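Across the two complexes that follow, chain A remains constant while its partner is chain B and subsequently chain C.
And now, the complex of A and B:
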């Protein structure tokens, strides 16, 4: 006869196993990397953020001597800051929308259709990114000069549009490729036509990754300076240009720091919100992970 | 409700011929299993019926209407995919209701029909869940419900339960059979498991290398395989290479009466062999005993080392290394280009009379 009394109840055994599993060895290497990363990435951010609220901060002190919102008041009361912000938002939104309208259908075609010259065309799209960017901008600027696009809203929109192609084609192509064909077939099977399948199945399935592409494009375009500078000046002054001007003109760190925090916080919050909505894997998927 | 007629169907993918020379009629209300090893063309055939592939040759008719060129959404078929293919961005209710919404049914009716089909597959109350919140078996039930709710004339199932564990698989396949009978729907069920095919089919279509090997009722296919492939594929079978000459087939040191001449294959089921006292030309060496609980299989070797499996009952005791005699009660001979010939010896004398354990 088996002696049942010597066996622990099944629940106890499970609890024991859990306890053992929880005492996993600490991954010291990973920990070290994490600290290193934090120092390299977070420290400058923190220092800059502190600067934005520091009115007096002289060298050996670890913390500012005097903190306050003085520089904030001064910066945010300036008309040109608000004008630049509004302009930047308009340009960035326009670029992102147009880019999505052009690139998403193209990405779908690349992902799903097999037409002659498909690979060549795809390479052509991506190769824009392979050129030295500054050379490309200069060349474009010369063309725009003859077209009277220099210093105009649409001139900046057009040049920035070129810069978005990589992410807005590449990520969506893998987004669409990542949608299981069986899901689409199952929809056809219960009676949906090809268009309906696209709207009801393919698009929603790809949406998290497409949203990631849109977000990356929006943020990248917002902070883009090279092209905006060369094509936009003197009339079109976007937010980052104003920032640079601030830093160059006034030799006080605080102006730049205030704008930095002012612009960084919203985009960081946007990023966080996006992660919550889309799940972390949408980014990974989009980049072929 | 619906009959499917395939005439002269062939399908090639580039240079690969996935299917060739298929003529098949699936009758109204019948459950037909497509059975064959992996790569034999089962899925291709099912996808042709569902409209996901177009045949390279031949026509498909449903209830006498040619549907060869119709896309899936215009065919009265519904498919359950192996990967369940549920839409992860919709709830269970949303998945099932999708096909009904496309048909612009009133909301109340949609709700009622979804409830009813959820009840049918045993998932009442699960409508608000997301597919990711269900177990593998439940997901397949939802996929089945999604196909059934649009009331197709023909239900197509492509190895629907292959990824589930055996108990669940057996339960679900019985449920599918049950539902199919209750609704009186025509069904085509793809499987590579012969047990599954034998358990639920009205008829089985055995495929190999894109060709139809045999069509028949489960018992018929088991008892009277038409090709050596079917003989070896369905059920346990000893397949021996042999030579026909002088009214005998000689294979691996075993000699049995058979007509014809030239090379041939000898097929003997383990249950058609009985152990007996040693006798010249009918001797094997016992290698080991495999106890299946309900019966025992003796793995043995013939004079030239060829394996031979013998099914016997548990009362019989033989030792590894022991030489025993065998008596073959039924055997089938497959010769190239000829109909199989079946033989039986009716001179059965029970081994148990001689050596009772």
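And now, the complex of A and C:
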């Protein structure tokens, strides 16, 4: 039996732990990385954000001479910006909806059904990753040329849709695999039909991951540049194309900066939400880590 | 889907195939068929027969060769730089935890959320002529640096920035296979940091490094947006070169030839990369 008297008084252990923790060496390496990364990663974004609110910023002043929302008004009253935004939203929504409609059932089949060639077909989606992307776009564009799809809405939708296949199948497959089979069996034991089981048990469990896949697809498609450029121009000018025009033609520095802040903040929030659901390692696993 | 559930595993054969049919058809039509078409279409011409003239042109044209050479060395240097930058961060994150480490990880993964068009824009504001770096140098009464904008250094810096998060994640998942116990044991026996890295850690993450390099090469070899916006106009990397040949010169034959040449240069890396993922992630039994 333990002699109570020899035990340290309650709370002593915690105090000890606290002392140990306090004695832990300061994480100097961490601070060094932190400062280095803060400069390299955040400085470009901060500078751009400042430009968006700078009405006058002449070299070599460290800070803008005049700040205000003047350029916001000017940029957001440009017709090309709104046309491109509307077009981009239409293309992106079309791509995401079609992708979800054709990929999610396929993902369910890969995860749950047994059919001939399943493994081979599943891995076939990887072939997209085995080619340098822009080369693949050129090869597809040559086919689109004969089909008169260059410079059309559906040409851009199709090529961007192909780019979404891998993730819209692979991410949901792991979601459907993660569904607890015992719950499904239990539901079936108490008399639920297959349809009821799918809607009430399977789908709700997979839903967060499916939603994350949709968010990631939406944001990535919105900003997709390479394919939109080659297939879409000159008729189909998506938002990134307008951004590129602002960079190349150097109209006013601020136009680009305003669009940067205006577009990037909402997409960043969407991606944060997606990552919260999926976790960073899921991204890496999908990439072969 | 519902029919499949009802019919059970055996009867699910047809439903399974039907459910995957559309994405598979799309994959065949818009990936495999174009690749095949590109390879065959650049050497076989209906009516005239076989000809490798477009390849002969590419490999004798001085400008094409300069573009290829630029692409090769920029790809090699950028891949190595990405790993060199990400490796110390990955090592630190593997063996440290706490609030500082969490912040370091969040910052290093941040570029994942910045689309490359926006990276290009921000880059010009920072390192371009009269950018913030010039501004700071002038404020400190130092001479301005030659701007990397529109030189090969431009896309290299931009691409390293852009690719840091995925490189880091791939290395981190490799380092997950290095047990902390083995590192502690080696340290107890008196191994220094360098020995530790080369003798204990490196052998265990060799395959991860190869996969990371392969992934980077595939992405970099035909990179388009950043080289186009930040790089020199001549010579140019294969991405912008293919785009110009296709769109500006309206010359799909030579553009496709260039695409097939990039496929050939990347074939080995594609194979390494795809095999690595396939091994790690078979469809469920």
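Methods note: the second predicted complex is superposed on the first by the 220 of 289 C-alpha atoms of A that agree within 3 Å, B and C clash if a C-alpha of one lies under 4 Å from a C-alpha of the other, contacts with A are read in each partner's own complex, and residues count from 1 in each chain.
As a convention for this text, a residue touches a chain if its C-beta (ideal position, glycine included) is under 8 Å from a C-beta of that chain, and two chains touch if they have at least 3 such contacts.
Predicted model, so just to flag it, every value in this text is computed and none were measured.
Peer 1: Does chain B (first) or chain C (second) touch A:135, or do both, or does neither?
Peer 2: Touch partner of A:135: chain C, not chain B.
Peer 1: Name the chain, either chain B or chain C, that contacts more residues of chain A.
Peer 2: Touched residues of chain A are more numerous for C.
Peer 1: Could you look at A:187 and tell me whether it touches chain B, chain C, both or neither (first, second, both, neither)?
Peer 2: The first partner, chain B, only.
Peer 1: Output check: A:158 vs chain B and chain C. Expected answer is one of first, second, both, neither. What do you get?
Peer 2: second
Peer 1: Determine, under the contact definition given at the top, whether A:82 touches first (chain B), second (chain C), both, or neither.
Peer 2: After superposing on A, A:82 lies clear of both chain B and chain C.
Peer 1: Quick one: is A:124 in contact with chain B, with chain C, with both, or with neither? Answer first, second, both or neither.
Peer 2: In the superposition, A:124 contacts chain C only.
Peer 1: May I ask you to decide whether A:201 touches chain B, chain C, both, or neither, giving the answer as first, second, both or neither?
Peer 2: In the superposition, A:201 touches chain B alone.
Peer 1: Which chain C residues qualify as touching chain A in the complex?
Peer 2: Touch list, chain C to chain A: 1-2, 4-6, 9, 12-17, 19-20, 22-24, 26-27, 30-35, 37-38, 41, 88-89, 92, 96, 98, 100-101, 103-104, 107-126, 130-132, 134-136, 138-139, 161, 166, 169-170, 172-174, 208, 211, 215, 218-219, 221-225, 229, 238-239, 242-243, 246-247, 252, 255-256, 258-260, 262-263, 266, 270-271, 273-274, 276-278, 280-284.
Peer 1: Could you pull out which chain A residues touch chain C in their complex?
Peer 2: 27, 29-31, 33-34, 37-38, 40-45, 47-48, 51, 59-62, 102-103, 105-106, 108-119, 121-136, 138-143, 145, 158-159, 161-162, 165, 169-170, 173, 177, 194-195, 197-198, 223, 225-226, 229-230, 233, 240, 243-244, 246-248, 253, 256-257, 260, 263-264, 267-268, 271-272, 280-281, 283-285, 287-289
Peer 1: Taking the touch rule as given, give the residues of chain A at its contact with chain B in the complex, in rising order.
Peer 2: 180, 182-183, 185-193, 196, 200-201, 204-205, 207
Peer 1: Show me the residue ranges of chain B that touch chain A in the complex, using the header's touch definition.
Peer 2: 50-52, 71-73, 77-79, 81, 83, 85-89, 98-99, 102-103, 143, 146-147, 150
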